[in-house]
Structure formats: C-alpha cells, structure tokens
Amino acid sequence: MLRQIEGSAAVAETVARCRPEVVCAYPISPQTHIVEGLSDLVRNGELSPCEYMTVESEFAALSVCIGASAAGARAYTATASQGLLYMAEALYNASGLGLPIVMTVANRAIGAPINIWNDHSDTMSQRDCGWLQLYAEDNQEAADLHVQAFRIAERLSLPVMVCMDGFILTHAFERIDVPEAAAVDAFLPPFEPRQLLDPAEPMTIGAMVGPEAFAEVKYLAHAKQLQALDVIPEAAAEFESAFGRPSGGLVRCYRCDDAGTVVVALGSVLGTIEDTVDELREEGVSIGALAIKSFRPFPMEAVRDALAGARRVVVLEKALAVGRGGIVSADVGMALRGLHLPVHTVVAGLGGRAITGASLRRLLDAAVADELGDLEFLDLDWNRVGAELRRMADSERSGPHAENILREVGVVAGRPH
Amino acid sequence: MAESATFEVRVHGRGGQGAVTAAELLSVAAFDEGRHAQAFPSFGSERTGAPVVSFCRFSEGPIRTREPVASPDALIVLDPTLVHQVDLFAGLRPDGYLLLSSSRRLAELGLGEVAERLRPGHALSIPAREVARRHLGKPLPNAALLGGFAALTGQLSLPPVEAAIRERFPSPAGEANAAAAAECFELVRQIRAESEVPDASTQERSRA
Amino acid sequence: MEQRVRFYQVGTNAVGNRLLDPGRRTVQARMDRSNTLTCGHRACRGCGEALGARYVLDAAKRASGDKLIAANATGCLEVFSTPFPESSWQLPWIHSLFGNAPAVASGVAAALRAKGREDVRVVGQGGDGGTVDIGFGCLSGMFERGDDVLFVCYDNEAYMNTGVQRSGATPPAARTANTKPLGGHPGNDFGQGKDLPRIAMAHRIPYVATATVADPHDLERKVEAAMAVHGARYLHVFVPCPLGWGSEAHDTIKLARLVKETGLFPVFEAIDGEVVAVSQIRRRVPVEEYLQLQRRYAHLFGEDGRPEVVERLQAMADRNIREYGLLDEEAR
C-alpha cells in the first residue's frame, strides 16, 4: 500500500512481513527507528511468532543471530558504523558458517573522529567479510531489497547486508509502497536451513579446520558469492514480476547507453546525480549514470558492459581508503582492465557532508572538459587542510586535528559570547 | 519540456519544538493531495534547545534529489530567538515566503528589510504559540503554523493538513493541534485579505 | 530407605559407585550413559575439563530427555573435541567465537522458543577465559535477560589453549606464562580476579552453583537441579589442568578434592541470588597440601620459598570457610 512514511518505518514493516523469527536489537544512530518499529510490531502481536531480544552489544546481536539461524530460525538485526565494526569478528563467523542472516546497515561514518552522519566507510570496511552487500538508492528500494535479501540469503546460505544511507534515507519521509503481507508470503517461502542444530540429527558446526582443508572451505564461500551474480538478478526479476516494479539487481544504467561520460555511484546520491545528468543532457552533454546495486559480489561483467562504450568514467564514492584512494573505483578499474578508459575517483560526502546539485554540476562540467585528476575530493576545504598541515610541521605538540580544525570552523567553544 | 514544479520548504526551530515533525506533516499532507513529497531533517544528536533545520519538498512528479534545501520557496520559523543566531534566510527565493511564529511584528524583530525584499504579503509573523497554548495548553506552535503555511502559500489546502495532524497525534492532542492549525489558517487568510493580497489558494498552486 | 554409605575417598569413583545400589549411582556409572563427549578427542591425559564436560553434558542430556543443544566457546574443549573432520560430540553442537558463547546459546534458545520447541534445552559452555573475561559482557547480558540457557564454566584458572596465560580467574600467586614470580611478584598478583559465581548471583538468576570433578554425585545433582528450572542458570566447575598447573595427570581428581577441602574453592548452590546450600569440608587440610602438588606454586616453597604468600593464601581459605560456613556441621 502506498504511504508517506519514514524510511526506517517502511523497512521495519517490510522486515516484519518477511516473518523473522528472531530479531536482535542494539541501538545505534541512525538505525534506531528500525529496531524500535520492529519492537512495536512484536509487542502488539503483528509480528508473531518472533523473539525480539535487546542485547548488550552489537557483537552480542549478531552472535544471537548466529545461534538462532543455526537452530533454524529466520534471523535479523540492524546496525551502523561502530556497531558494524564491533561485530566484525561475528561477521566473518556468520559468513564462514554459511548462515543466511539478513542485516540492515544504516550507512554511517566510522570514527575517530566520531561522526554520526552518513557515508559508506562502514560497509566498505567489511566488503571482504563474505557477506553480500546490496545498496538501496531510495527508500522504496530499501524496503524491497529486504524481501529479496531473505530469499537470496536462504537460497545461497550466505548472509546479506542491505545498505541504506543513514539519516538521508532512514530518516526521510517519502512515498513508499510497503509490500503487502500476502505478496511477501508468496515470494518468500519458509526458511529451510541447509544445516540445523537438531537433537534428532546431531551435527557439529564450527569445527577447527587446519591447512589441509581451509583453502577449499574458503574457496567455496567465494564460489557461492559468484553464484549470487545469477541469484541476485533472478530474485530482482521475480520481484519485479510479483510486485510490479523494478528493484535491486546488480547494476542499473541511467542514460548511460550512449554516454561519453558515465558517473558511477552507490546509494542515495544517485538521485541527485540523475537530476544533474538530466540537466546536462538538456544542454546536449553526453552523460549518464551507473548505479551499482550489488557491491558484493562485485558485478565485474555488468560494470564492464555498461562502461565499455564510454570515454571516461567518474566514480563518486562516499568512502576513502586512507593511504590509497578510492575503494569502489579500484573495483571498477579492475572491471575495466585492458580498456584504457580513464577512471576518476571522486571522494564525496564523507561524514555526512551534503552533496549538492551545484557541486555535482561543477564536478561533471570539469569531468567533461577532461579537467579531473585521478583522485579528487569534492568540496574539500583545502585552506583548512593546508593550515593544519603547516601547524603539524611547525610544532611537535600540535594537538588533535579534529579539535584544531573545529576551532577554526568556530564550532568548538573557543568563541567569546 | 516543462519542469516538474517542486516547492521547497525549510523549517527552522530548536530541538524539542517539533521542527522535524512539522516538515514530516507537510509531506504527509501533500501526499494526501496526491503529490510526491520528501521530508528530512538536518541531523544532529538528540538534544533539546539546539538549532534544528528540517526540509520538505513537494512536486507533481517523483523527487530524486536528496540534497538539503538551499534555495527555499518558503521558510517556517518556529522560534524567533533564532533570528540573529542562525542564518535563517540563506537562499530564500525573491518570490518566496516567510512565516514566523511570534506575537511581534516582523519589523519589531528587526526583519523589516527581509520582509520588504519579498513580495507584498509573502512575509508574516503570527502568534502561533499563543494560539497553540489556547488549544493545547502548551506553547508548541509547529502544527499550528502549518495551517498558516497553507493559507500563506496556497500550496496545500487545510483539510489534508488537519488530517495529517490528526493522524500523527492521538486525540485529544490531535484534535487540539488541528484546531490550532485551522485558526492560524483563518488568521493568515484574514491578514492577507486585509492587505488586499490576492487569495493565495487560487493563484499560487499554478505557479510553474 | 535412606542408604548411608561411609567410605574413604581415594581419588577415584570406583569404590563409591560399586557399593551403591544401581538407582543411586551416577550417570557416569551407568552402561547406558550417552558419552556426549565421546572418546577419540585430543585432550591431554588427566584433563579435568574433558571429564567435567562429559559429566555435565551426560547429566544434562539425560535430564532433557536427549533433547539438548550445546554452544561452545573457543578454547581447549572446542579445539580438542573437533579436529576436523572428526568430532567427539554426540549432540547438536555449535562453536562460533571466543567471546560469544552465551549470546549464541541465547540465540539458539530464542529460535527454539519462536518455533514452540521449548522442550529442547540449551547449554552454553566455555573455559574461564571465555566466560570470565572475553565472554563476560555476553554472559551478563544473558543473565540480565534471563535467557533460558544453562551456562557452564570449566575453570582451570588460565588461558590454557593458548599456552597458559593469566585470565581473570587465575588465583593469586599462581605462575602462568605472563605472571611469573619475577621482580618481587608472587606469581599472579593478589587483589585481582573475578568471583564469577557471586557475580552471577548478583544478577539474581534462578540457579547458580559451584562444583568440582572430584564429586560426580554432587556435580550431576546440580546439573539436574539446574535443568529442572528454566531461565538463566550458571554452573562453575573447577577442573584441574595437569599441563597448565604442572601437576601429575593422576592427581586431577585429588586436586579437585583438595581445593574444596582447603576451603580455597567453596562448593555451594544459590537460588535467586542467595546461597541455599553449602557443601561442607569433610576433612580440612592446609593449603600447602593442595599447592605443593602443582609446579605453578613451586616458587612458594623450598629454599627461596615465600611463606608469607602461602600465609595469605591460607588466609583466603580461612575467609571462605568463615563466609560460607564450610566447617559448620558438627557431624562429619
């Protein structure tokens, strides 16, 4: 049913319709409204049978899901940022054990410095932990992806992260068609585990595996993710056929078929990018956008096919591999190997800095004029950075960067009243 | 190709005054009228008293952009003490609107120049807190102001605003807030009629 | 009719069980015991934990009608019992991580409840490191929520699997790989260490008990008592480690008996946070008798011995005897 609701609320209702049997909650901004919504739905009986557990840490949250999933229950949790890192050990454990847990990550920056606003550094930091990663462009897709995620996860017996931009999507009110319960039931059969803790058929899960077998077990995890390259589009196609709208999949091309310049991005920034693309197209510029929906597994072929005809690629990403540069662009570059196609990395939106249409327009004008370098930082205040670097060079005890810069910005109370 | 007319609103308040809710309610009201709408706050940690900004966009067609509202068509200001502390008017369009909650006139608040830069009848202050206090028993003007907004801009009619309010706040608060909104709606209509400004509800909706 | 049998413990179970009528023998004495931890595992000879785990799980499995699932922390028990591709476990068993066994167990219990299968019971288990230190947060959370799990700690008083390093359960004066008696230290320093049974009691969970592998009757009875109720329950089992303690493999049971008879390890039960039963010391012994069987305390004796440290350990034992009333009964 079409409603004007908060993204988090839509996700909570949609997840409830997927009938998780165990939901675990540890609060962290900006995921809180999702787990609160689910708590209400369990308490008022709308989601039943379901055990809703408030736990003492994110590490516990995912651990509870691990136990629950191994015991045959459909399990769900949500987190962000620091919480995702706190459960890092458990992330690898869940994927290594092949447990089809679904988790929402409300993308948020990672400290230090502590920052509660959106960027992709959290899920990017865990890109190799063995979980599938699906990124939502808007709240409709965020809701829809959860339905697909349970199906994909259980089909492959691998855990799935549904990534949605913290605050920008989680706290935005927009028009969402929350999937109807009956339709979700038809799409999602009950969970049939591939392995089960069952007294009737005892088995050992989590044995120690030495050098003689570890590589093979690990390879199988990789092989399953590669299978996801087929399972994800199948699930998306089936979803579209069942629910009547396109959603998910591996990538989505927006006016990029004949584009000379293609902007690649993940998540909600694509909306603003598409508006800017339209503006430029009106002026006769040959430009398009490529939305990456599945970041893990990385859709090498689909990306290559979409970009092969372009003259230049701009990867706009909300994360930074410190000491190295782009993360998404590294994978994109790999996909384009041998094609001699310039790939420009633009790091933007870190720590929640708004990506405005005006800035994007300036960026893309520069891209089209071949004025971009390999690694660009959108809207970075080079003066402040320069001043701080000089301070560091001038004195041993130069102080913490964050505090120094904030003092210059005038945010820290160094201002007289 | 005619561009889908998007009307952008920015709401300023302090934490605890309901600025975020105000933007959300606007979006729900617009949705009830069959339009696309998007509302979101500029976020911060939960803390009462700190300046808060929230945004709402409505449009006939789908809204894709997610950037904050930099060039609002309308400003709603819940707390007059923000006036000289925060850059409230940044980007306000020349044909935009200003609705401020205060029992004092804009000129008395030092906003005479701002009002003059806008079109006649586009900038108003109304005693929304007092109206709210009478209906709710509490000086929370956010819902009340939405009625004023509807009359000032003509972007929404009153019934969907009242419906959105009633849906959000369970009775008796819902009824009381809706009544406060209705009173502010009437108040603004009267003010505009007295200043002989064309009735917003017939003119503004067709703005392209 | 009550059968009172008095016999002299020689550190084995053989005498005790053969003289009892079958109905009063331990589960371990029965031919039909489940051997939940069956043979072929890679534990050291004389491993107290292997013994403890088998006693506890056989009793728990029996009490649950063979419907039991176990979640195990990383540690000796997990490592020696599951050398891939073999497993010694004859029950559904999961090992996840070092610090999350209580949470994993809670998750299993939640799944069973959601599926209406509360007839299937859940045990979480781990060593002292996994319980007292790295798993502490998860354990406390499990207690606080009252999740329907019996958590068992096999306490051999150090991180044994990684090479005998100190844990929050290592007793004062014990030598471990990183608490050597150097620089004036007595071994492990005094004034540290968590009393996890008392911490469990502070959560006011329905059942907390301590036990040792020297008295399988007592241990099994406590497992049955724990399994007879629902909610969060905790069992702390003292299990000697010949390798880590520098003791003889054949002294494992003896050491478990002595630690109780000195008063160093009080054996008791608590319900809802209050001690309700205390196992009396039968024949009190001075702490030396216990300490001298372990090379981890060797630095306290001999030429360069530390009699003042031994005195402090004796004082600890004395205090336990006082506080728990370990010598209260007249008849012995």
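Per-chain residue numbering starts at 1, and chain names A, B and C are given in the order in which the chains are listed.
Everything that follows uses one rule, which is that contacts are C-beta pairs under 8 Å (C-beta built on N, C-alpha and C of every residue); 3 or more make two chains touch, one makes a residue touch a chain.
Bear in mind the structure is a predicted one, so any value in this text is a computation, not a measurement.
J.: Farthest chain from chain B, going by mean C-alpha coordinates, please.
T.: Checked the centroid distances; the maximum from chain B is C.
J.: If you average the Cα atoms of each chain, whose average lands nearest the overall Cα average?
T.: Of all chains shown, the one whose C-alpha centre lies nearest the global C-alpha mean is A.
J.: Please tell me whether A-C or A-B has the greater number of C-beta pairs in contact.
T.: A-C
J.: Mind checking the centre-to-centre distance between chain B and chain C? Centres are C-alpha means, answer in whole Å.
T.: 67
J.: Would you mind pulling out the distance in Å between where the CA atoms of chain A average out and where those of chain C do?
T.: Chain A and chain C have C-alpha centres separated by 44 Å.
J.: So how far apart, in whole Å, are chain A and chain B when each is placed at the average of its C-alpha atoms?
T.: Roughly 34 Å, centre to centre.
J.: So in the complex, the part of chain B that touches chain A is made up of which residues?
T.: Within the complex, chain B contacts chain A at residues 1, 23-24, 27-28, 30-32, 36-41, 43, 45, 63-68, 70.
J.: Tell me, which parts of chain A touch chain C in their complex?
T.: 21-22, 24, 49-51, 53-57, 59-60, 63-73, 75, 89-90, 93, 97, 196-199, 201-210, 213
J.: Which residues of chain A touch chain B once you look at their complex with the stated criterion?
T.: 3-4, 6, 29-30, 116-117, 138, 165, 167-168, 171-175, 268-272, 274-275, 282, 352, 354-358
J.: Going by the contact rule at the top, pick out the chain C residues touching chain A in the complex.
T.: Against chain A, chain C makes touches at 66-69, 71-72, 78-79, 82-85, 87, 89-97, 99-100, 103-116, 120, 137-138, 140-141, 144-145, 147.
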